[in-house]
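This report concerns only the one structure given below.
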Amino acid sequence: ACGSDSANDNEADAGADEEGLKIAIITSPSGVDDGNFNEDNYNGILQFIENHPDATVKAVREESGDPAAAVQAVADIVADYDVIITPGFQFAGVSSIAVENPDKMFILNDSEPAPVDGQTDFDNIYAMNFAEQESGFFAGIAAALETKTNKVAVVNGIAYPSNVNYQFGFESGVNYANKVYGKDVELVELSGYAGTDVTGEDVGGNYAGSFADEPTGKVIGNALIKEGADIIFVAAGGTGNGVFTAVKEAKDDVKVIGVDVDQYDEGANGSENIVLTSGVKFMAMNIERALNSIVDGTFEGGNVVLHADTDSTGYIKEEGRHQLSDDTLSKLDEAYELVKDGTVVPASNFNEHSPEDFPGL
Amino acid sequence: MSDYIVEMKHITKRFPGIVANDDVSLGIKKGEIFALLGENGAGKSTLMSILSGMYEPDEGEIYIRGEKVQIKSPNHAANLNIGMVHQHFKLVDDYTITENIILGMEPISKFAGLFPYVNIRNANRTIEELSKSFGLEVDPKKKIADLTVSMQQRVEILKVLYREAEILIFDEPTAVLTPQEIDFLLGIIEGLRNSGKTIILITHKLEEIKKVADRCAVLNKGKLVDVLDVKTTSINLMAQLMVGREVSFESEKAPAQFKEEVLKVEHLTVKNEDGFEVVQDVSFTIHGGEIFAIAGVADNGQVEIADAIAGLTKASGGKIFLNGKDITHDSIRNRTETGISYIPEDRQRYGLFLDFDLSTNLGAKQYYKEPFSNKGILKSLEFEQFGSRLIDKYDIRSGQGIHTQVRSMSGGNQQKAIIAREIELQSPLMIFVQPTRGVDIGAIENIHNMIIQQRDQGKAILLVSLELDEIMNVADTIGVIYNGRLQKVASSESLTTNEVGEYMMGARHE
Amino acid sequence: MSKNKKKVSLSYRLLWPIRNEKWQPITIPVFSILISFIAAAIVILLLGKNPIIAFYNLFQGAGIFPKASYAGYKSMLTDFLSLLNAMTPLIFASLAVAVALKAGLFNIGVSGQMLVSGFLATIIVGYSGLDAFIAKPLVLMIGIVAGGLMGGLVGWLKYKFNIHEVVTTIMLNYIAQYVISFFIHMYYIDPVSRQSKYITEAARLTLVDVELANLKMDISLGFILAIAIAIFIKFLMDKTVVGYEIKAVGSNRNAAKYTGIKVGKNTVLAMVISGSLAGLAGVTYYLGYFASIQPKVLSNIGFDSIAVALLGNTHPIGIIFSSFLVSIIDEGSTYMSSQAGIRQEIASVIIGLILLFSACGAYLKHKVSSLKEKEVERKDSES
Amino acid sequence: MDTIIIDGLSFALPLFIMAIGGIYSEKSGITNLALEGFQGFGAFIGALSAVLIANAYGTDVENLFYVALLFAMIGGMGFSVIHAVLSIKFKANQVISGVVINILALALTTFLTTQINALVFGAASDKFRLGVSERFTIEGLADIPVIGAVFTDVYPFQVIIIVIAIFAWYVLYKTRFGLHLRASGENPHSVDAAGVDVAKIRFSAVLISGLLSGLAGMCFAYSISAQFSSSIYMGYGFLAIAALIFGNWKILPTLAACLLFGFAKSGGTFISQALALPSSFTDLFMILPYVLTLLLLIFFSKSNQAPRALGEIYDKGKR
């Protein structure tokens, strides 16, 4: 969280200026202060407001996480805003509201709008998804290069496309490092935690089955450490806290790789830090971009997937926010360019490639 | 400076809808036995609860040893050396005798000189000594739940003595005791007086007052009627002052006219929870127009016989016939329907729904049939009319008539409500267990008359009572029970009180 | 002394609205609710917001007062209908708690019973493609039967083995949650929502997006039923032999047995009725409000209903009102949060405060009657 | 195999100490469904204090483990005052009070966490991050087969809990206060008649339940995620209530119940991992503790008896 802006402090300007864009962000139960996925979206709005001080934002939490309730929450308030921003899978159903309210604008993150009467593209919905597999890919390379036990693992929440993308990307990265940099790193998978993706396909991996189950996260973390994994990519939402705790308690030298946003602060463990780096997607930037397009009048509805070519995916390499060796950093830079120019295309949930066989391997 | 150790001046205490004590002034001298007399609901318990710190009076003053005090709590009362043995015992069932007695004044020792603990071992010894020195032997390690009522009462008395009370209040201590136990208790009370303690005794039994009390105050409907010198006042006068009319002690009773057999019990055996046979091979019959009384010392199986007939406990052997029909395995409801009324011993536990109002309680045995309900639908008007009629007919007194919550009624009036309900069933067999326990003499007279009236109408009556006088007075046939066995069954004329007493104690066999 | 008397009459005057004993069952809850709104107002003031506006927003959001602007196809009416839709399961659930309480039983397992009946109705009818006229009544039937059986099991274990119903229901809550999660994951998962697959429109107890006069409304079919059942339960408890027996068992088991009432039968029966009501809550919740089940999540309604039932004095009509109030606050909270910038937790805090103050109703009653007596005395001594 | 014991114990012991709190309250006659709220609020205060102190004195929050535990106890106790006042002074329905306290605790702590983070730390976050607790292993003892696991990877709070539990046992069964407390739950009239203030006893009992629950909440916070957030409300308060009823309101049998929950829980996880079944099956193993409990209760429940005056509002005048 940057700045002291809490969810409610910006509301004071509401109505002060009729001209300003009225923005609402509706989130999952963890709210815009989760220091994570939601917050990054929110930060994008705050950055936008910094440059457009007459704009206002209101943050609303939907308490159940249920898709029907999520849509209801949007319906409750849509009349009062110009732009509705909804980060999270459960908001796919807002498309019906968008159809009913053609004068309102919607920005979806992490999902495509649900079809309405067969229509999947909407003039007033900008739905953005990220190529998480790319971020995961960098995490995989980093893990494979830094591991001492030659065993690494990825922990996920639920096998939604975004999570599977992270997983496949990570596995692609490990395989890539094995092949290209001559490593011999093994991916640890616990039995009993394989994920099932949205088409019902078994995708393997270590899935906790929830984004908010810390105890299970810890159990999985401990089990992986016991199996010898010393670098764990944690893409599991709140469940990930459990993995972090397991790693912090571990006596062995184990590290994690954060996800979505820079999670370095969460890795503090006494005088040490367990976060190696984080595989991120730059959501704030893209939210701000979308908001700008509304003000410019260049807003266009549509469903986009954002890649490294727009600097939308990546990893954390700022000094003091990671613990990667210089060698790893330079190798990651190489890989980044290859991904950016399309030489390497890591496997994702639905891109027809697999972690064992993808362009550039 | 007066010579009264306790003085209560102009005490008034109100409860919703009723003035329980109305400007009562009393003085009690040190070293006397002072009796309190009055009908049910006259306000005796309330007045004494005020003295023992359970209630605070709305008006009035209290002086102890000449000093004005405001008794705010039982603890405060204890500090003033006042102790009360309550009408409804205040004991913890799960605790041992010792634990109950020392509660609030525990002897403390220290583990390793550091951790204080309640030294139960010492306490057990103290209690044993204390109980011996007053002639009230108990086994300090026994749990209250395993004790007979009279034993529980001993514990209550010991509790007060342990606290070194100088002023002891007994609220109807004899209501639950057998004649032998009563004699014993009165002996104890006199002994206490002789050792210098002041005793206040609430009782409905005038002969007890006559026997031990020095003076006696009579309350009526909350007001003090008079304070009498017991030596110079006749029992009849006391009764008259109390009830406000002439009372007869011997029930007028025409000779019994036995009709056909109503109840037949054959070789009845009942086991308690521990599998112990508390009733063994009991057989007897009761005819219409007959009052059959079971005499016996408490806990000799008489209540279990009544329970088994009414269906509250299972018979483990034998058969029960009602009007020739085998009801041994019938449900309680079926037995009621076939014709049994039952006045249970413990009115609060079994007889009443304390949180329901009076009319609901009065209808509790008939709610499911005409005219109280029709096809499963209750008719509240019927309940109300029925309730009002019974309140009048049986003189049930309460603050708010049929709408009174039964919990707030005095014990005697609760009892009257149950009796009214059961008699109204007009069952061929009526079982009365301790029907006059805790009931004032006016009401006792009424209840006895009602029982006899029912008999004269051809009902068969089973009476279980611990009061030998009551049995001798009312019964046509007496069965004496000892240790779960019927020792003797004979017509009441053929037995003397002494003989029955001997059978009861197991001193005589058939 | 005279100062003391003044104090008495002052607080006595303050409490004037609840002095009349006859109206206390109504005046006391209303009074408690007022106090709690004042307390909540103070909380909101402390946050630097205007409580009047916040409360107004709350009611606007729930469709009681009109909003400044409405989205397409929406109006105050549609908001109000959503309120009724959300309120329906809460009424049933609170009735379930109340009936059990009458029998002296504490049904803390309403959530579990809701889940089981909702799940069974979902898999039996929800995916069946049956015609609406058969499907909807069938869903209700399954709700009643499944909930009733589960409640009955609790009653039976209590009666037969003396297992405390609180333990049984807590255990069954967990068991239901995990077992149903297993089945949903194995057979009924919607891979996209990660909840059970959506049920057919025909099986839904809420008509969604009914277009009428250019509005899209959610019409809760269960609501009318909930009101009818509340009245029925009131009748059952107060006016019938069944109700008499259940209350008798709740009041004094021993005395009930002695009067010839079958204690075991009534314990089970009360739990069956309670469970059936919970089952109705379950089907109106999962097949009405949501149309899908989140695995491993117990509905909060099961717990809220305990408090709502007691706020309604365990009186069925009272429960309708207490559910209404609590639902308003629940439903209006999103709009309040969006308008006044007050976080939704404050809505929970308000609900908590209301329940808290209403819990003190007995004390208020006692206070009033003792003040009354003193007042009478005062008048006596003055004259 | 060791994990079953290690994880089982680290779950069972906090549950146990919370259940003891429940026993105190219920033995004194006050129904206590508020344990869940107490433990959450306690953990909140504990974490908040640790974070604030670390901030003020510039120490690492890792070093404030014991401080957090202490303040969690104070916090739990402070919050329990509401239940005590409501159910004793205001004669409120104890069930309603308990349920409401749970609702309030969740709402208040979630709300305050973000508010305080925003106000004090200038960063609106929904959690207070704590350092992980260290875990120690007693060398020699840990090598004993099977039993050794008991001495492996022990959290310091487990030792604290055991010490407190023993003390709690001693107070409840051996001291004057304990004698009065248990009597208050059986027959408050007798306690009153003995000149002991029933209200005071019950008040203290409820406060003790708050104190112990607060401790438990903090332990859960440490053992599960090393932070405070609203995920602390996982229904363990209700589980503790189930345990104490299972244990017939007695401390030792309650320990057995808690161990059963703990081991069955970690055992279930272990089995599902060992059998390598698809993840959906994990859910089936998770019901193990609860099914076992019900089965055992069928055999052991016959003689169970709640404190006789439990949940009754004590009114001197009531006969």
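In this document, chain identifiers A, B, C and D correspond to the written order of the chains, with residue numbering beginning at 1 in each.
The rule is short, and it goes like this: a contact is a pair of C-beta atoms (placed from the backbone, for glycine too) under 8 Å apart; a residue touches a chain by one contact, two chains touch by 3 or more.
None of the values given here were measured: they were computed from a predicted structure.
Novice: With centres defined by CA atoms only, which chain is the most remote from subunit A?
Specialist: Of all the other chains, the one whose centre lies farthest from subunit A is B.
Novice: Please compute the C-alpha centroid of subunit A, do the same for subunit C, then give the distance between them in whole Å.
Specialist: About 38 Å separates the centre of subunit A from that of subunit C.
Novice: Averaging only over C-alpha atoms, locate the centres of subunit A and subunit D and give their separation in whole Å.
Specialist: So the centroids are 36 Å from each other.
Novice: Centroid of subunit C to centroid of subunit D, CA atoms only: how many Å?
Specialist: 28
Novice: For subunit B versus subunit D, what separation do you get between their C-alpha means, in angstrom?
Specialist: Their C-alpha centroids are separated by 46 Å.
Novice: What are the residue numbers in subunit D that touch two or more other chains?
Specialist: Only 114, 279, 281 qualify.
Novice: Quick check: what residues of subunit C touch more than one other chain, meaning two or more?
Specialist: 185, 296, 343
Novice: Kindly provide every pair of chains that touch.
Specialist: Touching chain pairs, listed by label, come out as A-C, A-D, B-C, B-D, C-D.
Novice: Using the touch definition from the top, list the residues of subunit A that touch subunit C in their complex.
Specialist: Interface residues on subunit A, with respect to subunit C: 7-8, 11-12, 14, 24, 58, 60-69, 72-73, 75-80, 89-90, 92, 97, 100-102, 104, 158, 160, 196-200, 209-210.
Novice: Which residues of subunit B touch subunit D in the complex?
Specialist: Within the complex, subunit B touches subunit D at residues 15, 54-55, 73-78, 84, 86, 88, 90-95, 99-100, 103-106, 108, 115-118, 159, 348, 407-408.
Novice: Please name which positions on subunit D make contact with subunit A in the complex.
Specialist: Listed in rising order, the residues of subunit D that touch subunit A are 3, 7, 60, 62, 114-115, 117-118, 122-127, 129, 131-133, 135, 224-227, 229, 231, 234, 269, 272-273, 275-279, 281-282.
Novice: Quick check on the complex: what are the subunit C residues that touch subunit A?
Specialist: Residues of subunit C touching subunit A: 61, 67-74, 79, 82, 185, 189, 191-195, 216, 289-292, 294, 296, 334-335, 337-344.
Novice: Considering only the defined contacts, which subunit C positions touch subunit D in the complex?
Specialist: It is residues 106, 108, 157, 161-164, 166-168, 170-172, 174-175, 178-179, 181-182, 185-186, 296, 303-304, 306-307, 310-311, 343, 345-346, 348-349, 351-353, 355-356, 358-360, 362-363, 366 of subunit C that touch subunit D.
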